[in-house]
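Across the two complexes that follow, chain A remains constant while its partner is chain B and subsequently chain C.
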Partner chain A sequence: MSLSKRIDEEKFAPILLEEISGYANHPLRLMEVCGTHTISIFRSGIRSLLPEAIELISGPGCPVCVTPAGEINRAIALSRLKNVTLVTFGDLMRVPGGSSSLHRERAMGGDIRVIFSPLDAVEIAEKEPNRKVVFFAVGFETTSPAIAVAVKEARRKGLINFYLLSSQRLIPPAIRALLSSGKVNIDGFILPGHVSVIIGRDPYLFIAHEFDLPGVITGFEALDILEGICMLLRQKRQGRADIEIQYKRAVKEEGNKKALKVMQEVFKPVDARWRGLGLIQKSGLILREEFSRIDATYAFNIPYEDKADPPGCLCGEILQGLKRPPDCSLFGKRCTPEDPVGPCMVSSEGSCAAYYKYRVQ
Partner chain B sequence: MCLGIPGKIISVREDYVAEVDFGGIRREVSLFLCPEAQPGDYVLVHVGFAIQRLEEDEALETLKLFKEIQESYLEPEQENR
Partner chain C sequence: MKEKKILLAHGAGGKLSHDLLKELFLPFLNNEFLSALDDSAIIPAGTFKIAFTTDSYVVKPLFFPGGDIGRLAICGTVNDLAMTGAKPLGLSASFILEEGFPLEALEEVLSSIKEAAKEAGVMVVAGDTKVVEHGAAEGLYITTTGVGIIPEGVDIRSSNARAGDLIIINGPIGDHEIAVLIARGEFSLRGEIKSDSAPLNGLVEAMLEACHDIHVLRDPTRGGLATVLWEIANASGIGVVIEEDKVPIGEEVRVTCDLLGFDPYYLANEGKLVAFIPEKETERVLKRMRAHPLGKETVVIGRVTTENPGRVLLRTKIGGHRLLEPLSGEQFPRIC
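Now for the complex of A and B:
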């Protein structure tokens, strides 16, 4: 359903659009941090409805895109070990690690399986006690509590063949790194809805307090996004910088306390590398000491070998909001979703894949 | 990857497992992160876990739109799943 069709059905959208189109002040750059927002914005055609002064830029919120090649390589190396079954989310399969991908390794006979829920990893380990099951876990705060539950479940069941390769990332430290770099001009943030279901509002307050910028935690429907943009514009008009919640039906100020608790019981923050953004302090999660036996990086002692991004690929700049996919000379030519060169084209939430699918030139 | 799908809890088993209806498709979902959820509640589900209870009216609206998201977004992703 296109946005225009929804506008007929909703009384709300025209009001929002009118308010937004009334905005003709100096240029405003709003970053949608989350890849799910990027997709929703393209799908609904919101970009074309905004006045020229408002520019939406995509941020680093695609877990697959920000996973450095080195971590994909480590998963590939693990999958080549005898008796190891590597399990992971489907989105990661095609991401190039350098010379290979998990997809290619599987085609060559590697025991690599796609799971839907972290609990599937536990189930596989339970059913196949003679395999060493390594769960290659990527994700933001939305996913980490579920991964933590799986770790605890494996322990409760006394499984000795369950391991975790953690490539999890945290969103607020990445926003801080972007703002601190001073490289990118941002006037406000459309903040991720589902990450915020878990973490709530407080972790973003520094955006308003330290950087004097507004942010609105926003849902994923076209109307949510229009309202989120309106709320940002209102703050701008009133000269305010605050963190507000548009997505109130799902996001509570305090987040999901139960989820935060289990996440903190199992993981602790660690400095982590992001594709494009480099090393960011306390932006990743590793297992706490009491779980370190199942940490695949120690258990299998696989060295970390990073790989530079493929020549010509601008993913790094795109993830920081510095460049747009059409700025890349490979975009739509050598690099397409069928034959992707970089991770931003692989992931269905990657900016390059979204631009390609919706053919924005 | 942070997609959350709203569904309605049909029944709850003792061990934090619920049967959840997603517009006609039923799946088992863990309630471990959302233990207060009851049958009849709408919950937001991510990687097999309910992560929050939703207000009913709003959940219905989201559910209506979910079909559209599924068409344009979920299916290509499921290729590998």
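Now for the complex of A and C:
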């Protein structure tokens, strides 16, 4: 499928672009919520092809970026404990907590390992029964089912040395918080494809019903994004506000029921802090009571200490779409992917890293 | 240096590696040959020019589809020589062995060294072995050094790209890094993909027979195609435009990149070369390359411009454009 789609790009892109260029009457601000969209938009050079009236704003959809420094610090503190092996996804390694980061801790001798799949964490715990293996799990609805499966698998295997430090977040509550704040001016949403494969269409309906804004669940190829933008423009032209699915080859209206079920078996929603957005109701996931024995926050009793963002860092505003990365005085000067100040410069899905890597003069 | 300790990213071939050289090594060791920071130093010796290079191999795992640490150690150093147009004269090979390393595995590595050297038509003429305690190294590390002679009239350097040059590559990018990462079992993926590891000196010889006036040759190893093009654009003070739909990328590499969020332009290769050639010579060179076993898939991927000096612009399939910057941050350590 992907091969034939790619061949079609050269043929169909001009048709979609022509329709988009016909829409240039008044300024329109569309938010791509998801970091993967941000990357794809840069990689395919979509911004360089859009009429000036259409502005794409990057949203809070980068899991690493929205994880507060306090939660990174807690992971760092855990990694310093005797007999603890901390395992996590690669992007988290370089996020500055307070004065350190996981990759500096590793250079100092901490046992910190990068994994690509949650089940790898279970495997490490099984192979090294003398280590306490803590899986520092960050992610949205896309990864939560796989994390839930890992938790169940650890239980099935009777592993007593497997722990979870959960920093998982949910996307729809963040969009609601963003819109309720009234601070940011958005005319429509390019909604995340992968998250929606799991949760489906319904959780976004409030965007149309309560805020009268259109949203399109969009795939990640260049053509998907162009078509998603076209669908938003059509709604605007017709004065409609609906939640539509462009990414039909992967997203069903009802989502993935099996994945949702395993998620609900293992986790429950909880109020959670987001960098930039603050405390958002029911926007995080923690382990249900029956799994609390493996909850690292209880098992290791590490105090939570929040940290303010470093002075001058605009990550908070950037995650809300209030500012663009180049608006930050640190951008590209004191803050670069080699030596990041804020998390948006670290993650491969962060807006600052994307602007830095793909900037076009 | 801002960091107090070496991080793995210092070895990734990106900006941190570059900073380490510039800020720590050059202040102590700099001279007119080292400062070019090319793959080989070019040293005059009477009427000849000698190419001289060295490289250490720490790849993990030691064996992977399409090659092993031994094959890499020969091909990598031969290729560094070949990228100056030099004909390799001889190599040295030093082995750091961990106590307890199985002799059977060492035998296998030596056998592929023998085979790769035969393919390249070069001999290992000097060597050394050292053994360290169990745990002080991981199995086996190899360092190879190479010397070659540059044919008269050949002047191939990263700083030699000129307006009007066409840019060619001898096949699909990214195979080596993906093959090694899959072999490492890091993301529970399986694939048929093989490292492209190969000695390129024969191909370069054929190219030079077709055209003596090749301006730049580089092998896109760590940091990938994007980093190499950026280095050439900066060393030569020219702009580079690459066409996305012309750059060959295998379907397996593409799918793996989509799955894991990698960018194929930053993946390491061990049997690919990028050449900058005057446009009028290109047809002749292409014909010769395509007749060579390692050049069958050679294509033109872009050209040199006078606009945007120091920048590499990628024209995307949908007609947009993006900048290709050098590799930054941590890619994967120990891929060669």
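Here, the second predicted complex is superposed on the first by the 349 of 361 C-alpha atoms of A that agree within 3 Å, B and C clash if a C-alpha of one lies under 4 Å from a C-alpha of the other, contacts with A are read in each partner's own complex, and residues count from 1 in each chain.
In the analysis below, a residue touches a chain if its C-beta (ideal position, glycine included) is under 8 Å from a C-beta of that chain, and two chains touch if they have at least 3 such contacts.
All values reported here derive from a predicted model rather than from experimental measurement.
**Student:** Should A:P14 be classified as contacting the first partner (chain B), the second (chain C), both, or neither?
**Tutor:** The answer is second: A:P14 touches chain C but not chain B.
**Student:** Under the stated touch criterion, which partner chain does A:R104 make contact with: chain B (first), chain C (second), both, or neither?
**Tutor:** After superposing on A, A:R104 lies in contact with chain C but is clear of chain B.
**Student:** Name the contact category of A:Q264: first (chain B only), second (chain C only), both, or neither.
**Tutor:** So A:Q264 meets neither chain B nor chain C here.
**Student:** Mind working out whether A:M93 is in touch with chain B, chain C, both or neither, as first, second, both or neither?
**Tutor:** Touch status of A:M93: both partners.
**Student:** Check the residue A:C34 against both partner chains and state whether it touches chain B (first), chain C (second), both, or neither.
**Tutor:** A:C34 sits against chain B, while chain C stays out of touch.
**Student:** Kindly classify A:I46 by the partners it touches after superposition: chain B alone (first), chain C alone (second), both, or neither?
**Tutor:** The second partner, chain C, only.
**Student:** Just chain B (first), just chain C (second), both, or neither: which does A:V149 touch?
**Tutor:** first
**Student:** Looking at the overlay, does A:R249 come into contact with chain B only (first), chain C only (second), both, or neither?
**Tutor:** first
**Student:** Once the two structures are superposed, pull the chain A residues common to the chain B and chain C interfaces.
**Tutor:** Common interface on chain A, chain B vs chain C: 36, 39, 43, 90, 93-94, 103, 116-117, 119-120, 348-349.
**Student:** Touching residues of chain A toward chain B in the complex: what are they?
**Tutor:** 1, 34-36, 39-40, 43, 61-64, 89-91, 93-94, 103, 114, 116-120, 138-140, 142-143, 145-146, 149, 192-195, 197-198, 219-221, 249-252, 256, 258-259, 262, 347-349
**Student:** Inside the complex, what are the residues of chain B that reach chain A?
**Tutor:** The touching residues are 1-4, 30, 32-35, 44, 46-49, 51-52, 54-55, 58-59, 61-62, 65, 68-69, 72-73, 76-81.
**Student:** Which chain C residues qualify as touching chain A in the complex?
**Tutor:** Those residues of chain C that touch chain A are 2, 5-9, 14-16, 19, 186-188, 245, 251, 254-255, 258, 260-261, 263, 308, 311, 313-323, 325, 328-330.
**Student:** What part of chain A is in contact with chain C in the complex they form?
**Tutor:** Within the complex, chain A contacts chain C at residues 2-3, 6, 9-10, 13-14, 17, 36, 39, 42-49, 90, 93-94, 103-104, 106-108, 116-117, 119-120, 222-223, 226, 336-339, 346, 348-349, 356-361.
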